[in-house]
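Just so it is clear, A, B, C, D, E and F label the chains in written order, and each chain counts residues from 1 on its own.
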Amino acid sequence: MSRVVTFGEIMMRLASPLGERFEQTKNFEVVYGGAEANVAVAIAKYGGKSRFVSKVSADQFGDAAIGNIGVHGVDTNYVLKDIGRLGKYFYEYGYSQRPSKVIYDRDNSVFANSKPGDFDWEEVFSDATWFHFTGITPALSDGLIETCEVALREAKKRGITVSCDLNYRSRLWSKEKARKVMTSLMNNIDVLFANEEDSESVFGIKAEGTNVSDGRLSVEGYRDVATKLRDTFDLKAVAISLRESINANFNKWSAALLTGGEFIVSTKYDINIIDRVGGGDAFAAGLIFGLDNSWEPLKSLEFGVAASCLKHTIKGDFNIVSRDEVEKLLGGNASGRVVR
Amino acid sequence: MSRVVTFGEIMMRLASPLGERFEQTKNFEVVYGGAEANVAVAIAKYGGKSRFVSKVSADQFGDAAIGNIGVHGVDTNYVLKDIGRLGKYFYEYGYSQRPSKVIYDRDNSVFANSKPGDFDWEEVFSDATWFHFTGITPALSDGLIETCEVALREAKKRGITVSCDLNYRSRLWSKEKARKVMTSLMNNIDVLFANEEDSESVFGIKAEGTNVSDGRLSVEGYRDVATKLRDTFDLKAVAISLRESINANFNKWSAALLTGGEFIVSTKYDINIIDRVGGGDAFAAGLIFGLDNSWEPLKSLEFGVAASCLKHTIKGDFNIVSRDEVEKLLGGNASGRVVR
Amino acid sequence: MSRVVTFGEIMMRLASPLGERFEQTKNFEVVYGGAEANVAVAIAKYGGKSRFVSKVSADQFGDAAIGNIGVHGVDTNYVLKDIGRLGKYFYEYGYSQRPSKVIYDRDNSVFANSKPGDFDWEEVFSDATWFHFTGITPALSDGLIETCEVALREAKKRGITVSCDLNYRSRLWSKEKARKVMTSLMNNIDVLFANEEDSESVFGIKAEGTNVSDGRLSVEGYRDVATKLRDTFDLKAVAISLRESINANFNKWSAALLTGGEFIVSTKYDINIIDRVGGGDAFAAGLIFGLDNSWEPLKSLEFGVAASCLKHTIKGDFNIVSRDEVEKLLGGNASGRVVR
Amino acid sequence: MSRVVTFGEIMMRLASPLGERFEQTKNFEVVYGGAEANVAVAIAKYGGKSRFVSKVSADQFGDAAIGNIGVHGVDTNYVLKDIGRLGKYFYEYGYSQRPSKVIYDRDNSVFANSKPGDFDWEEVFSDATWFHFTGITPALSDGLIETCEVALREAKKRGITVSCDLNYRSRLWSKEKARKVMTSLMNNIDVLFANEEDSESVFGIKAEGTNVSDGRLSVEGYRDVATKLRDTFDLKAVAISLRESINANFNKWSAALLTGGEFIVSTKYDINIIDRVGGGDAFAAGLIFGLDNSWEPLKSLEFGVAASCLKHTIKGDFNIVSRDEVEKLLGGNASGRVVR
Amino acid sequence: MSRVVTFGEIMMRLASPLGERFEQTKNFEVVYGGAEANVAVAIAKYGGKSRFVSKVSADQFGDAAIGNIGVHGVDTNYVLKDIGRLGKYFYEYGYSQRPSKVIYDRDNSVFANSKPGDFDWEEVFSDATWFHFTGITPALSDGLIETCEVALREAKKRGITVSCDLNYRSRLWSKEKARKVMTSLMNNIDVLFANEEDSESVFGIKAEGTNVSDGRLSVEGYRDVATKLRDTFDLKAVAISLRESINANFNKWSAALLTGGEFIVSTKYDINIIDRVGGGDAFAAGLIFGLDNSWEPLKSLEFGVAASCLKHTIKGDFNIVSRDEVEKLLGGNASGRVVR
Amino acid sequence: MSRVVTFGEIMMRLASPLGERFEQTKNFEVVYGGAEANVAVAIAKYGGKSRFVSKVSADQFGDAAIGNIGVHGVDTNYVLKDIGRLGKYFYEYGYSQRPSKVIYDRDNSVFANSKPGDFDWEEVFSDATWFHFTGITPALSDGLIETCEVALREAKKRGITVSCDLNYRSRLWSKEKARKVMTSLMNNIDVLFANEEDSESVFGIKAEGTNVSDGRLSVEGYRDVATKLRDTFDLKAVAISLRESINANFNKWSAALLTGGEFIVSTKYDINIIDRVGGGDAFAAGLIFGLDNSWEPLKSLEFGVAASCLKHTIKGDFNIVSRDEVEKLLGGNASGRVVR
């Protein structure tokens, strides 16, 4: 039986209602989320076993953060508590040409201030088959860079598959530091999730003929990017999400996967968006869920993309959909007819 | 002066807000509705006279159900009350590829448990010109099958036009039982509303080359279906709604009508959807309103389709639009410009 | 340093939530707005200096109206207070084929009842470089026609640029009266904002081949309209907004500007709409902001159109966007990617 | 079988949420109400038959006003519609020492502008046993003074009992005008509802030793006031509501009734208030309901007071309580235990 | 280490907002709860270990029910799922003299239809020290009577302390049946929770001089009731909650405990109520938590009463307070000063 | 003409709705406030002139903070902006025995990190007659201690009256540091606001026979405290607020003032509380407003207490009441009767 462990920060997200700018609103809708927490929740919702490892504030907000993951079936026994603050971020839903906006308020969180020795990887990995984190975690503090190094070593020692989503955030660290750190971490990574923008920002690896801010993506060029990434870092697989942002509430969404010598591209979905946060995490979760259960690469990829497609229609960071619902979409039922 | 009587169940509908799944929500928006109640309300809003016949719980929810129909001008003097429960259903708005979802909680409602002798058809039909019900009503209980038989005989005896919307619901009864019961009831029906899916499910009558779950509908094949239905059951008219579900929030919507030898097809609308529940009922109401007022078939059909188009943009089961508003849309004003 | 003065009514706007018709709703969302107030707020948000001149009720609603403009940096020192009522309007959001709906409840407001002598134009114009009003103001009362005449004379005397947005409202006055009054006022106007519909309604000047209610607009014909308007009234510039209403929640939006002999047409945006009220005002504000700061006509025009595009995605009458955000859109970032 | 007819204005009420002042709020909760409409609704909820006569705007707000009364079972067939505006009022909930606040916005409503000839009293009174109105109605316009005179004459001609609630509103008319008009109308009135404040304001009749703004009321003095009112105007009965306002959310509430020579005083309730609007109307409705059904005066009085007590705990102008619930309270169940 | 197991139904609760009656509301606030679930959650919040045993619907509502208990740390591994409906109840908040109202809609729930063999008591009780259920569980179906018998036998066999809260619900079963069943079950019960009303309804055991509907409770008489209960059923302890309902939003609240020969009475609290549902369960949970951890009876009793006092100020069925917060109240901090 | 300058931090306040604990809520209501901002706003609302000096984040939240003060008429021209975070605090409304709860999240705010040289006191004080700050400001950082020293020197140099509210916050600094810093600052302070708790915490000056957590306050002892404070620090006046916390939603509230040799005690109010945050600031603002306008001490004191009483009934930190409303309460109208 497979068990996916993810490691990262969970934050309180405060969103103003659709159509209300931060400075107008009298109300913030609160959910909890973070890239790695999102992956853990999604896998649990798809029917898999997952464990989230983190540290939260020893107050009601930390309790809420833990509770909101645990409620979906994720094992939260290794989420530590400490005196301090929970990281937060504010979210303004974009619409049409107005982009979504994130204001981070996560400095000095208990997670960012955590120490490598805080986590008992022996126990954490006792029954694990897969370990996943993203580039956000080492970006938060030097302590976390070290913790990631420790975690990766411990995972590899146990033969656990390790995946990483690049998730470059320019507000958190410079490209230079990101490249240095991530390059070093790549030694212990088996599966890399990236999009072209992050690939270029972090590793300087890019494809020709694409212009991300235009939303025009050249699928052809991605094979090249994926191949370069695989060859550079000796990866088992490279997954690339292909988001074409037509505008803030309409995207085209697909993904590609390079495994061994094979480069496969998924179905492309036209998505009307309610909440795009966590879309990439829902994809990563779906692909990991499939691969960790030894599904065929294409089936795993299609599952991840379809699951992620549904995520875009649900409020909050988490992908609250069942495996059955994803499979209905994979089976061709994309017409949105009422299910009675 | 015409008077349309409808007979069926009215339920409490509990909907989670758009983008919130049932298991996330802290809040249900409550309205009241049901196929036949929706038709009665729509006709009253279009300016006609309608009467709704039913039975509700003898409590505050029954009062609310009655009040919410009566508030729109429907005669509710023949809505009975009894000790028991009001039927309920839960509604999750779909979006993009995520379908809308209905969870029924209507078993053992006071309406389902009603007896044929509960209703005084003599009085109910005293000034009626048209009687309408849907396939949902006999699906609810054997008692209601018998009640429908009684009502249809009484209606025919008085020369009242009888219409029925197939509305097949697989959660309520099997195809076999539906076919047996509906076939028997068809003897006393003049006008049938159907879509291809229901026609096939209930009567095994279908057109070639369509695939409902894909949302691709072949108008051509419908003439065939309608003709078969008419011929099989000796109907005066067959109305077929043509919904092309592109996704949960965007549909193409039109309808066709076979009267005598003529098969006419309406304008097709591209609809951005807020709430599709009751869309078919709004169409039936519009067509009945027209035919019962001796409008030309095409005018009646177009009125029904345009009225239904507007329904999709209004929250709740009811079509709260005036005849004047429908006629503005028929007159070509579909651009959504501000009306000041 | 430039300073734009605007003069008009500010009202309380009461909107039912999206998808709820006036007769269903239990709740009105309240904001404050009005064409000239909207222009003043937008200019302040873009980074300019603006002053709003008006009269409001001497009660909590008048306080709220003033506060809601002042909060965005508009100088409200010349908004007078008087015993009486604040004008109001009710707003029902349209969707798809269902048009947005406005019900005015603004008769006998303290502003409509204001007298020419109420306003101290000497002080109001002390540091002004531009004066803007719309055709709504003189439509409200004969007193306001006279006040507009006084204001325009005083503005011209000081060499202040004067602009007017035709904004014809058939509920407020007849075409005949509008033509008579507006024609007279045109003597002191430098820059006119119009769309074809208003141009035809007020001055009988129209282009061939357009059909406003269809949402089909012929850009070519506009050069003709603009030229006729300029020549008839000896204007320095004519700005024409080009709205193609596909439906209530999707419009195409661009504008054209005739200055001297040059007729320039802006980029056209496909807009998914949250709230279209104030869209024209956001455009006027952007163009005025540019011209008053001596930007090139094309740069000014594009700024106005892009700013207006963003307005359509924000709730309320006001365009709460910064110059920086408009320039990002002008720079090509229309894909709605998350800004972190 | 008895039938109570009431005549007056129904308005839209716009309330800011509890604790939010008018100038802070972003939201108004909307209900519909007015003194005479409230009486008609309450009687229908108690189980009686009532009819409301009025005129509303021929728009969606007028529809909503009618619908919101009709939903509770009141006959609204004699509510006329006309082009114009529906009266409105804004309501700020008081709390502790902060008083509730009403801002009227009802000038020039279609009801205030109605004409005596608009109403067909022959039909209105066809099956009526009681006619009720309040001093607010004639205060609205001279036309309504005349209409009230006509209605009272027509009622008396048919032997219908006529009641009036003084309800003096200083914002609507002066004490002088009120005294002149109300004195004249008293000739055709059988039952008068008053509190001491209004009695003094309108007729100059007062008791010693009370100070309304202090909330201290001398029951003893009321016998004197009631007797003077009865003797001056030759009334069959005088009902006096005795409100002791401890603060905005805690009142003591009772009433007294003078019939023939008997002066009876009700139970006094300590009321925690959610919404006090309509409390007096709920009392009037209860007393009328009892008297019109030939209950004993004391039983009628106690019913009215208990019904009114419950009103204070319900949002909106209407007293949505059943006769059964009032009788449970009369039976001594005032402890608020859960009813399962 | 102690572990409390509770067994009963968890329902969806649908509450109209404060001040809105069922027939007025457009909105239900949803939480999940039930007597035994409430006890399990409260114990987990106080810092203890608890396990909830039940059966829920195999749908999103069942998931939500489980998630909402699990989120607070309760072990939900023995909550089964089955096809069918989740029980529901509607809740109308009382205020002042208007009582709170519950409308059950729980017939034929999957829990009521569960079978004795569904539950694996061997596993359930593996680490349990205490078992708690209430009189509601056997009232739901004959199958559950048998299941309770089995569970009690299994618990006693393992030396687990068994407690029961009488919780008589007249809507669920007759007094006669309740007496017969509960009397039989008492053989295996150690600790009984009751109030006088239930004691009299179920066992005919009552104290003199109290009148529950008046809210006047004689503490003296309770010693007598408790003693009779103990002696009749050979109990180790009898806990009696003493609620004095002044009105729906103000109660006095205390409790008494008979253990061995000692009868102790707790502090009495004056409680301003936000939500009284679950108040008794919060008390039971606190007392069980104390006794199961071998605290002194008085300390346990006071903890239960203080914990319950806080419950009344929190929305929903669950007592979301920490042991630390209860102890602060026990330490005398009842003044409600801000905790910064 | 007087002008009051206040200096301190303004934060975003995020409050869960009444009855919802932090860990349950899905929603935070957002307002902006802080002790000194609250004083500035209240004075402006009372009709005085005020200026708020601070530093906020250079983002939309900083804009909102400024806008929300400016909207009430406070001069915000000296509120600086800087890159960084705005301070925040979370607020859970208490009720009955459950205390209100504040969780600060204000570390490292742009205000806390501000430097003495940031503020141009020459300009700030140009037209000032009074300067007010609280003990919170120097508690935030060493930089702010220095800034306070500078500001006080500059104020004294110009003959401006200086007042300080002790406002001791144990989460921000230790008693030892507070005593050292505040003792030093007292040299330049004329008027001190304190309550006994803070007086003891900071200066070790206390009265006998009071127990703050019990809510029992001995007025007699306060004369002693005030006198000691005056004599120790050579103050012109000492104001002491006397809050008796009966529970979280019911307090008794009064204040005392020592000026020269006279010790005066205000009226005591029984307050039902909606939001107690800012109550002390509303009092300070009222007293300062009176004294700065040369009112008699008693009149000033009573004004402050009455104004503060009203604050407790309004949501948010700000006291949105007019001078007229305060004077109505002072005039004896405390009964909460409806103001029409």
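The rule we apply is simple: a contact is a pair of C-beta atoms (placed from the backbone, for glycine too) under 8 Å apart; a residue touches a chain by one contact, two chains touch by 3 or more.
Values in this document were obtained by computation on a predicted structure and should not be read as measured data.
Minimum number of contact steps separating subunit C from subunit F: 1. The chain with its Cα centre farthest from the Cα centre of subunit E is C. Because subunit A and subunit B share one sequence, their contact can be compared position by position; here under half of the interface residue numbers appear on both sides. Of the two chain pairs examined here, D-E and B-E, it is D-E that is joined by more C-beta pairs in contact. Centroids of subunit D and subunit F (each the mean of its C-alpha atoms) stand 44 Å apart. Distance from the subunit C centre to the subunit E centre is 62 Å, each centre being the mean of its Cα atoms. Looking at subunit D, residues 21, 23-24, 26, 67 sit in touch with two or more other chains. Judged by the touch criterion defined above, the protein chains form a pattern that is neither an open path, a ring nor a star, and not fully connected either. Of all possible chain pairs, those that touch are A-B, A-C, A-E, A-F, B-C, B-D, B-E, C-D, C-F, D-E, D-F, E-F. Contact residues on subunit C toward subunit D in their complex (touch as defined above): 14, 21-31, 59-61, 63-64, 67, 85, 88, 90, 103, 105, 107-108. For subunit F in complex with subunit D, the residues that touch the partner chain are 269-275, 306, 309-310, 312-316, 320-321, 325, 329, 332-340.
Looking at the complex, you find that subunit B touches subunit A at residues 18-21, 23-24, 94-102, 104, 169-171, 212-215, 245-250, 276-277. Residue ranges of subunit F in contact with subunit C, taken from their complex: 67-68, 70-72.
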